[in-house]
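After this come two complexes, each holding subunit A, first together with subunit B and then together with subunit C.
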Partner chain A sequence: MPKIFYTQPDGRQTALEATAGDSVMQTAVRNGVSGIVGQCGGSLSCATCHVFLAEENTDDFPPVGDDEDEMLDCAATERQDNSRLSCQLILREGQEVHVTIPEAQL
Partner chain B sequence: MTTHHDAGTEFPFAARPAAEAVQHLRRLMADRPMTKVTMPHGGDVWIVHRNQAARQMLSDQRFVREPFRTGEREVPFFVPFPDFLRTTLQFEDPPQHTKLRKLVQKAISPRRVRDMRDSAAAFANQLIDTMITRGGVRNLVAEYAVPLPIEMLSSLLGVPSADREKFERWSSSTLSVAGRTEQEITADMGELAAYMTDLIAKRRAEPHDDLLSSLAHAHERDETLTDAEILPIAFLLIVGGFDNTANFLTTGVLSLLRSDEQRALFMTDPDALAPTAAEEILRHGAFMMGQPVGGGGGLVPFVATQDVIIDGQLITAGEAVSIDPTAANHDPDAVTDPGRFDITRTDNPHLMLSYGLHHCLGAPLARMELQVGMAEIFKRLPNLRLAGEPVVRYDVLTQPMTDLPVTW
Partner chain C sequence: MPAHPARGPGSPRDHPGSPAVNTTPHLLIVGAGQAGAHLAGSARDQGWKGPITLIGGEPHAPYTRPPLSKTFLKGQTPLSSLALRSDAYYTQHRIDLVVDEHIDHIELAGDGTGTATAATGRRWRFDRLALATGARPRHLPIEHADLDGVLTLRDLHDAQALAQRLTTATALVVIGGGFIGLEVAATATAAGVPTTVVEAAPTLMNRVVSAATAKIVATAHRAAGVRIRTGVRPLRLRGTNGTITAVELDDGDELPADLVVIGVGAQPRDELARAAGLHCDNGIVVDAHCLASDGHTIAVGDCANLPDPSPASDGTVRLRLESVDNAVEQATSAAGTLTGLHRPYRSVPWFWSDQGNLKLQIAGLARPDDEIVLRTGRRPGQHTTLRYRGSRLVAAECLNSPADFLAVRRALGEETPLPRVTAADTGLSLKEHLAAARTPR
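Let's turn to the complex of A and B:
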């Protein structure tokens, strides 16, 4: 079972057990994790599920795609090198993923 | 509309005091996830009440809008669905939807909207200055809540300042389902279409830094957008961006004027509280206006392309389905203590701006305008108070407030 650690901008952390095949966004929205809105439901058209992915997880996911890249430029909080849209981070069995939530999504 | 259910869980239900409406919605959602309703126009539609079920439906691409767009099927709705709206992005499915939406989304992204925030605050303050100069009792709708979104929308689209007055008249006409004759509406719509077509041609010839210019010059895999594609996008933004935002802002101010406790809290730091206050106004503001609340609303429907089970209920291929944001915003499984108006609420999964592929295109802009509009008016006029009862027009589809008399 994949496990996700969400860190809020103030340092508070939520750990959730997830289901393989779900995304980091879906898992957050279903469990009411603050700061991940995901308004477009994962169709790459809102940039409201922006997260910073921990360095140790960089190679656990496919690289940023063209559409994701364009939407990251639209995000409310300035993107960084480790910025991802969490709807594109699809979980695999046994993964342990750490993400930090930015100050603003809207 | 007709439906059959036991007293206490019926849907639709007649207007009643807000607290009772919240209890009614609670019983309704405990009873079932959705209700099949016969609309005044276009036949039957499933209306989904529960928050999680609504999200599930809205993110399932087996629900489409094509049969409405092609005219194969009439849109089940409260009024005959306006034809011009059926040609907009709202009625496209992927891949055409994806292509158009992406182009517009970049212009109304959270990032771009953040850059517009200072000019929104400056314009809000100009409007407040004018109200202060005039003094006495002012109509907050006409002098603040309507001009602010019009200014932001026309500057986003690239409508020159000198033309904004006609633009306002034409755009308000698009929503007057009743109250204006069909001929007047057709004439206004024609003038607006001609005006926008002309402006698109100008921006093709000489681009400015605005949305019409970027759409006129957009290239997507060697395809350019035609006027026939751009015009409906502009129309959709005008319809959504102008009237709805003005309504949200008026509702926001009135709901705080009706709640001394939440207003006092808001006044402690309007800028910092504006983001959560705006979400709470979207979720629950209509329940705080001091007027009775009914149930029966549904957003624009979809059609099931195959049999789909949502929250235990079978929706058969060919059936229409829509969501009921009023119920979903008061679902006790999604929102803690849903009857409480709490401007500091941080987990607020309301569906006022919908969700999924077709969620409100202008959501970042609407949110920013609501936040700025709320913060500026209460910062500048901390003694703002009602100077009479609000006037609501029930003959118009969106039931806007047309007069909110205030003084300070």
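Let's turn to the complex of A and C:
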């Protein structure tokens, strides 16, 4: 069972057990983790699911796609090197993923 | 505004969750869709202390509809991933989710309290009522629309039926070239089902995008193999032994079909509100605080007729918005009304539609006569149609250009002016133009 650790901008952390095949965004939204909005449900239309992915997880996911790349440039919180749209982070069995949530999504 | 203590009809027994002595008023939300689910969670987050009951007529917990005409129809999205919230979420947030109960009747007292009765006879007394009953597909007044093989698409049940039919269909006719019709057409064509879209207006998505955008979209669909017939109406449906065989058009043509999807818009489900005495006119009429005509009842989502929430609007234009964005943002604002925060609903409306490989995103609300400035993007297939009212940017229609969409959505929210001549210059990206416009000179 994949496990995700969400860190809020103020340092508070939520740990959630997830389902393989779901995304980091879906898991957050379904469980009410604040700061990840995910309005478009993962269809790369809203950029309200921006997260900073921990360095140790960089290679656990496919690289940033073209649309994702363009959207991250225009996210509400300034993009960093480890920025991802969490709807594109699809979980696999046994993963442990750490993400930090930005100040603003809208 | 704090909710009123219960003085309505019915006994406390009607709702086991609501205590007899009413220190914690009971919020009842009718309609467990996108707006209802969000309202329940948001009311809790914003400080509603009392019991919350969320009642839905479908046999499912709240789920997301957009994939129904897209990935779900293709079989790419499993049922389990449509749920908006986990079961644990409702428990943790003390939201009593009741599914498969259709509310048939509401008795509403002058102070906003009352009783809701389901078709099964179950009753719930409430101190505060919210209606999030959504919309239903508009009926097409055409002969033989009840033939087997003629479908509409609104809920999971419809989507499952359509997905099933698509596995054997040999000729699909989609009546209506709006978002849902075009999404279904793209999905069906990709699945190998020959598909024709019939649209009465001269262009696709007539009420919602400019002719310029519609033309690009039509070209893309045709290239993908969808046949598109604009400016013609279906005259009647033909069948054999109760099953659809053809669609007869008003120009004399007849299109063979063993599957027909009617997608000609939606109608608000406001009959409960009407019967309860609330003012309805193309939806439940609400103010900027999401309050209905009685000043107590809340209405949100597709069922509500609201003042245009755009920052640029003076609030005199009323409309219904059928989008996830509106369901979520209006519900957030309504939760504030319930808990005393009283933030009027202000937002830049936006919408997306994935049609095969086309990503269409719209920010802002344009009127048919708003002028257009076309921009072509750096990647093939990227187009942005900016809509201007005089010198003012009011909306954008973006094709495969999510960065432009985000830039415009933000600019509209901040009311950053973007002169037309500047906008036409494709040497800089829209993001760069807007950043320059934002920098004080």
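As a working rule, the second predicted complex is superposed on the first by the 106 of 106 C-alpha atoms of A that agree within 3 Å, B and C clash if a C-alpha of one lies under 4 Å from a C-alpha of the other, contacts with A are read in each partner's own complex, and residues count from 1 in each chain.
As a working rule, a residue touches a chain if its C-beta (ideal position, glycine included) is under 8 Å from a C-beta of that chain, and two chains touch if they have at least 3 such contacts.
Everything numeric here is computed off the predicted structure, so don't read it as measured data.
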Have a look at subunit B and subunit C on subunit A after the superposition and call it: clash or fit. clash
Tell me which partner A:Gly32 touches in the superposition: subunit B (first), subunit C (second), both or neither. both
Between subunit B (first) and subunit C (second), which, if any, makes contact with A:Asp22: first, second, both or neither? second
Just checking: does A:Ser86 make contact with subunit B only, subunit C only, both, or neither of them? Give me first, second, both or neither. neither
A:Asp66 in the overlay: touching subunit B, subunit C, both, or neither? Say first, second, both or neither. second
Would you sort A:Cys74 into first (subunit B), second (subunit C), both or neither based on which partner it touches? both
Is A:Gln105 touching anything from subunit B or subunit C once the two structures are fitted on A? First, second, both or neither. first
Should A:Gln95 be classified as contacting the first partner (subunit B), the second (subunit C), both, or neither? neither
For subunit A, which residues lie in the overlap of the subunit B contacts and the subunit C contacts? 29, 32, 34, 39-41, 43, 45-47, 67, 70-71, 73-76
Subunit C to subunit A touching residues, read off their complex: 41, 45, 64, 66-67, 70-71, 78, 80-81, 83-86, 88-89, 92-93, 324-325, 328, 352, 354, 359, 361, 379, 400-403, 405-407, 410, 431
Interface with subunit C, subunit A side, in the complex: residues 19, 21-22, 26, 29-32, 34, 39-41, 43-47, 66-67, 70-71, 73-76
Flag every residue of subunit B that touches subunit A in the complex, lowest number first. 55, 58-59, 98, 101-102, 105-106, 109-112, 114, 275, 346-347, 349, 353, 355-357, 359, 363-364, 367
So in the complex, which bits of subunit A are touching subunit B? 29, 32, 34, 39-43, 45-48, 67, 70-71, 73-76, 104-106
